[in-house]
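Input: structures, listed below.
Paired with chain B in one complex and with chain C in the other, chain A is shared by the two complexes that follow.
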Partner chain A sequence: MAEPAYTVTSDSETNGEEKSSSAFPETAIGIDIGTSQCSIAVWNGSQVELLKNTRNQKIMRSYVTFKDETPSGGVSNQLSHEHEIFSGAAIFNMKRLIGRVDTDPVVHASKSLPFLVQTLDIGVRPFIAALVNNVWRSTTPEEVLAIFLVELRAMAEVRLKRPIRNVVLTLPVSFSRFQLTRIERCCAMAGLHVLRLMPEPTAVALLYAQQQQQTVHENMGSGSEQIALIFNMGAGYCDVAVTATAGGVSQIKSLSGSAIGGEDILQNMMRHLLPNSESLFLKHGISEIKSMALLRVAAQDAIHKLSSQPSVQVDVDLGNGSKICKVVDREEFEEVNQKVFEKCESLIIQCMQDAKVEAEDLSDVILVGGCSYIPKIRNLVMGICKTQDISMGMNPLEAAVCGAALEGAVASGISDPFGNLDLLTIQATPMSIGIQADGKTFVPIIQRNTTIPARKELVFTTVHDNQTEALIVVYEGDEKKLEENNLLGYFKIGIPPAPKGIPEINVCMDIDASNVLRVLAGVIMPGTPHPVTPLMEVRMPTIDDGHGWCAEALHRAYGSTRDLVTVQKKI
Partner chain B sequence: MAISVASIYQLSVPKPLQTRTHFYQNKPISRWRQKCTVIRCSNSTAGERARREKNYYELLGVSVDSSSQKIKEAYRKLQKKYHPDIAGHKGHEYTLLLNEAYQVLMKQDLRREYDASIGHLRVGFGENTTSLVGYSTWNGPLRPQALFVDENACIGCRECVHHSSNTFTMDDALGCARVKVQYGDDDQKIQVSVDSCPVNCIHWVDREELAVLEFLIRPKPKEGFGVFGGGWERPANVFMEAQSFTKQMKQEAELHHRNARATVEEETPAQAEARASASMKLQMEGFSRIWNWVKEASGSWKEP
Partner chain C sequence: MLSTYFPSVLHSSPPFTGKKISGKPSSPAPASVKFRSRPVVTAAYASAERTRSSYLGPNKMASCLSLYEILGISMGANNQEIKAAYRRLARTSHPDVAAIDRKDSSADAFMKIHAAYSTLSDPEKRADYDRKLFRRHRPFESFSGISSPVTAMSGFSGYTRRNWETDQCW
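So, the complex of A and B:
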């Protein structure tokens, strides 16, 4: 179907250059790549419009099927049956796998998916493969996502009749900077330029700011500040944000997030229906995959039904002689997923504490994402926020992509005569960033929830006499233990010989509005006002795949010979 | 948080240099401070530096006594203009400053420290941050009245410390009581303390006067002549001294305002906008030393 309008790449690229040099800037499109579903939206000059695929779907399944020579994704592919996704030939849940090492528990949880996820547990990229004609064909999460993005791009180009280059992507709050670089790489592979990567709830916050402003315009009221809590839970991730909004400006006060979502709920449900399911599915034989697909679909159906009815009858023949015939009620469902719900609660509480707001301060509570249909989730959010009324002015599945499209228009410099784009999100860093110092401890330089752009510096000094080098190891996270944070990179800086404690090593971190992190380091010696050696400027992250064991290897190789300690402020 | 304090410190250091040098002539200057000053002085004259030194209130275009609400509004308005999402990458440096200013002015304690460091009369005066350590802090929101112990009159009976130990503290070196936390105890306990003072040396003063009083009551090194004189002294009547000090400061401030520009308070929104645009164009004095070096390295640096 899509063939006629699919122009040759080189053609569309030259068109793109002509266009960007013209007076009209290209409007960046917004893409929400979800763990299970995906959508794409654009500012069409007067409002946000979701783009539909050839089958008239606004929301598409995120997966890529490997068949014969050409893989095909969920954008254009017509599934003969839901089970086809679960046949082992399709790779899905890429978002849960991308940029993660094989020691990550999220990767381990993915081992019971129908396609093959192999781990060596040494901190390298996991091996994933799809079943093609009874052969496990290897691929990578990045490749799969890139294939999917190429399809999305082609579809958008057909719909908009122009080449697409700039995109705004929404991502989970808990994504590490390394994962963000993987996403950027996927986009580059698909010929897309990432204008902004925004945490999903902040995209929702932008949409909220727009809606807020429109109602203010209608009522001619004052643009007083509204504090909103945004809870977004999809198939793979759960994110919370607290935002203060006034006059179209949404200021993110705090963010929290974790890799829990519908997938965990689904796996818990599958385990509940068939207690030994995991060990069975790890075998990845043809018949096991088939029964796994049947169980997965049954569990999914049951969860969906439990959102509207108090109990559900599960009847499924797994084909290998075992049959499941069970009535599951809501209490049971909530019982088996108790841990997931507890985690959600703790994320909300943490986010509110970080923002220093109480339940009474919240003017709105916004619930979005696929999991927002689950009654227990709604109840727990309402409970913590002490409200009975959850804002339903947004489509839970479309809010994030609409926000991304708005950001795309704002960041592309589009203006709207009616003031509908008179918007801004002031972002905050979801995780602290710091370096290793004071023995093996994590010393944050930029604290979490700092407004970006941000720039902070801290002074360190040497721990040994005549220490000629310092090793600066940059981490991101909020864990007490150094090694539980994400390693971003490392570099050495040379120091002239001096007794310990004398050289001053300034480490400065700068995050710009597109969330690019630069780390600068310079050494000054007493008596000289200027750095003695050229400064180091390093764009982070610098690490590559297989970084899981980097920190350990560094420590083995260097011990504490190149350590630093923080300098107490001399006041 | 140590980090934010550090950056305020850097920003505020050179400010009081020209006008109020006489207050701390004899004070030892820390190594850090010296270095900072050297760096800043080296590529501009004192006058230029004063102009380039960003005052957070000026940056946001608000008056020094603005409410948090006002500051918030001004911040958002400026962000909407200069945020890199809107203004492109050239808005980066400016937005960094805005964020810094906002962070400081929205936090009551940081704002108080900052006010003190820029020599603002409302709560502060020209002094380096060193002498601010040990000053009374506030428990809860600022109130119009504050507690002040006239240490000259105090006989060191410890009665007040006994009744409100969270508010008063004993300076054992000087043998007198002092307020460490304003309203550190509940009102009733504080009242008991005030009433129990045998020499009535605990005074309720206006909040605006507090910083000046607390500054003046501290013993100052006496100016010595050769081997004569020296030692420490404090004014015999701190209230009288405070009055004349405030008057002097006001005059200086007025002079300063008249010379430099119209006062911030009188600025109309249009003027504020024009100034904001102009200051955007001014070379931004980054608040990071490293950043200054980078800039110096990239060409704008000239040997003095």
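So, the complex of A and C:
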């Protein structure tokens, strides 16, 4: 065999089939990095198997403890006590921090965590630090996650007795494309190559497709289409998907998601137990951290108990002179978390509307994730979906990682003689993608829930006479206000002098099956069939840390001088 | 929104076949100035999706397959047959399952299949399409306003990294 050529991948290239193309297909492993828990699974040749760590755990806590010189994560670490995680030395909830800027409300909510989350509120990356020997030592969410992934990788390599490189990760629906690049960066830091990043409920959808395939022994394609709603709520995020499945093919019809989860419920509960808890703990002194850990554990415990009993007695001495002695019943619990539950409902309703399905159309309703044990969550899902049966025989904590392992096998080109891998998920874009035009308006080019791979284009024109440049500012999201959407990047395109409204600026967006987004732009002048200048092709996102102020800076620098408007189709 | 556009076209324009489509009055000629003579109404951006590509010659797609042929089904296929055909084709053409060496072209192939499916699985769009197909025997690219993924593809596609030389006419 010839010596492998050295290839430099593009700076923005963090994902791609080509790099991993070796002669031997390696089965990619599936990883579910949850906000609070994590698991890893692989197709073992006949079925999906969850890998266990040395302490025989399939589900591991997602955290990294910084002690002395070597950090250690929840995969290998042996905790002396639960409180150790909350001692200031451990960083957790990475998934709620990664790729977010310090103006993000989710980052601000994380300031009450026992480690240090410092914000300057200017749209840059927040500063996070762990307490090591009474010193706040800085780190980054990416670094913490990478340390954790390295542990997972090492564990999987020991279990599988082979090097691990390719992975399929499940992620929240609401993750921005910038956040996805941060996750890819973490994986690269850990020596892992991302084969696919799957929205969590779509991984569950794939597992559902396989289960359906196994129970309905019918010929491919002849099985009738089943519409399922998948509701997945973990510690950090709540996601919903509607999928149409038949013959092992799962077509994602719609997705919705938001950064709400068990962490919000926990914080509400802590606030309920100790009304001024947040301000109390902002100081982050040693004793405050200790009290906070005690409160956190007590609140968590109470929430768990309230899932199986109508009320709970909370008795905790916070050690700083304040004692909590309170009975909390389920009604109170539901009351303090009303906003969270309302948000869950609105996500389900929106997802069903987007998929154009009614409750009666749903063949199955699947409820997974840690929060699925909360009675209120079960009731609200059952209420909207008008069903009593939401069990589905799936393990709520393992469904996503099993789906990721299936996708890992399918995307690695593994086949199964019994047809157990004759599966396919046809993904959809969770958010619209478009550009700024028509004043400060977000003009979507690819609408949300478009099947990918996808390619769409739209024609724009200039707003000024002899406008020789146009600024193409790309956003994703579905918010009416331009600035509330996620900025993905920007570039300029040159235009020959002409009266306003004459040049045609064609903007095309292409998403391939690996979810890589490319934006192409070209200028056409009347009477010429071809673009007057070379096309621009930009892989998005191009933005980097500290992008929170870029849009504003662009506006300050250019005003409306390089604006575009859409061209209406003449009928 | 766009689908309402086509029936009126059918009635108003003289019958053309094959290569003459580019001349039909309803289809804006590529890069024609007339096409752009409009007041700018910002709210109407969604309708700006072009019906025709300016980059490829208008005749290139003239001998293409019908949506039914793309899915490999008869014109009388019912909704379930359409769905089954779509799934069957997705299973072989989707880039996730296609062989590594065809990943690029399979994305395009899949987009065509999906576009055909989304038109034919929607009763209203299918009725429009059938009417047009029946009357004109015209290749479906002139329906591109309906199945927008198809149109979009004809735009920049010649300039992307995909292999379009072998894939222009589907």
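Here is the rule we go by: the second predicted complex is superposed on the first by the 540 of 571 C-alpha atoms of A that agree within 3 Å, B and C clash if a C-alpha of one lies under 4 Å from a C-alpha of the other, contacts with A are read in each partner's own complex, and residues count from 1 in each chain.
Please note the rule applied: contacts are C-beta pairs under 8 Å (C-beta built on N, C-alpha and C of every residue); 3 or more make two chains touch, one makes a residue touch a chain.
Bear in mind the structure is a predicted one, so any value in this text is a computation, not a measurement.
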Under the superposition described at the top, does placing chain B and chain C together on chain A give a clash or a fit? clash
First (chain B), second (chain C), both or neither: which does A:Leu554 touch? neither
Classify the contacts of A:Val132 with the two partner chains as first (chain B alone), second (chain C alone), both, or neither. neither
A:Val124 in the overlay: touching chain B, chain C, both, or neither? Say first, second, both or neither. neither
Which partner does A:Arg518 contact after superposing on A: first (chain B), second (chain C), both, neither? second
In the overlaid three-chain picture, which partner chain does A:Ile426 touch, first (chain B) or second (chain C), both, or neither? both
Can you tell me whether chain B or chain C touches more residues on chain A? C
Based on the superposed arrangement, let me know which partner A:Val410 touches: chain B (first), chain C (second), both, or neither? both
Touching A:Pro531, do we find chain B (first), chain C (second), both, or neither? both
Chain B and chain C contact sites that coincide on chain A, given as residue numbers: 225, 246-249, 410-411, 413, 422, 424-426, 451, 453-458, 506, 508, 510, 512-514, 520, 522, 524, 526, 529-531, 535, 537, 569-571
Sites on chain C touched by chain A in the complex: 5, 28, 30-38, 40-42, 44-45, 47-51, 54-55, 57, 80, 83-85, 87-88, 90-91, 94-97, 99-100, 103, 107, 110-111, 114, 118, 145, 148-149, 151-153, 155-157, 159-160
Chain C touches which residues of chain A in the complex? 17, 21, 220-222, 224-225, 246-249, 410-411, 413, 422, 424-426, 437-439, 441, 443, 451, 453-461, 501-502, 504, 506, 508, 510, 512-514, 518, 520, 522, 524-531, 535, 537, 565-571
Could you please specify the touching residues of chain B with respect to chain A in the complex? 1-3, 5-7, 9, 30-32, 35, 38-39, 42, 72-73, 76-77, 79-80, 83-86, 88-89, 91-92, 95-96, 99, 102-103, 129-130, 133, 286-291, 293-294, 296-297
Please name which positions on chain A make contact with chain B in the complex. 196, 225, 246-249, 251, 407, 410-411, 413, 422, 424-426, 445, 447, 451-458, 506, 508, 510, 512-514, 520-522, 524, 526, 529-531, 534-535, 537, 569-571
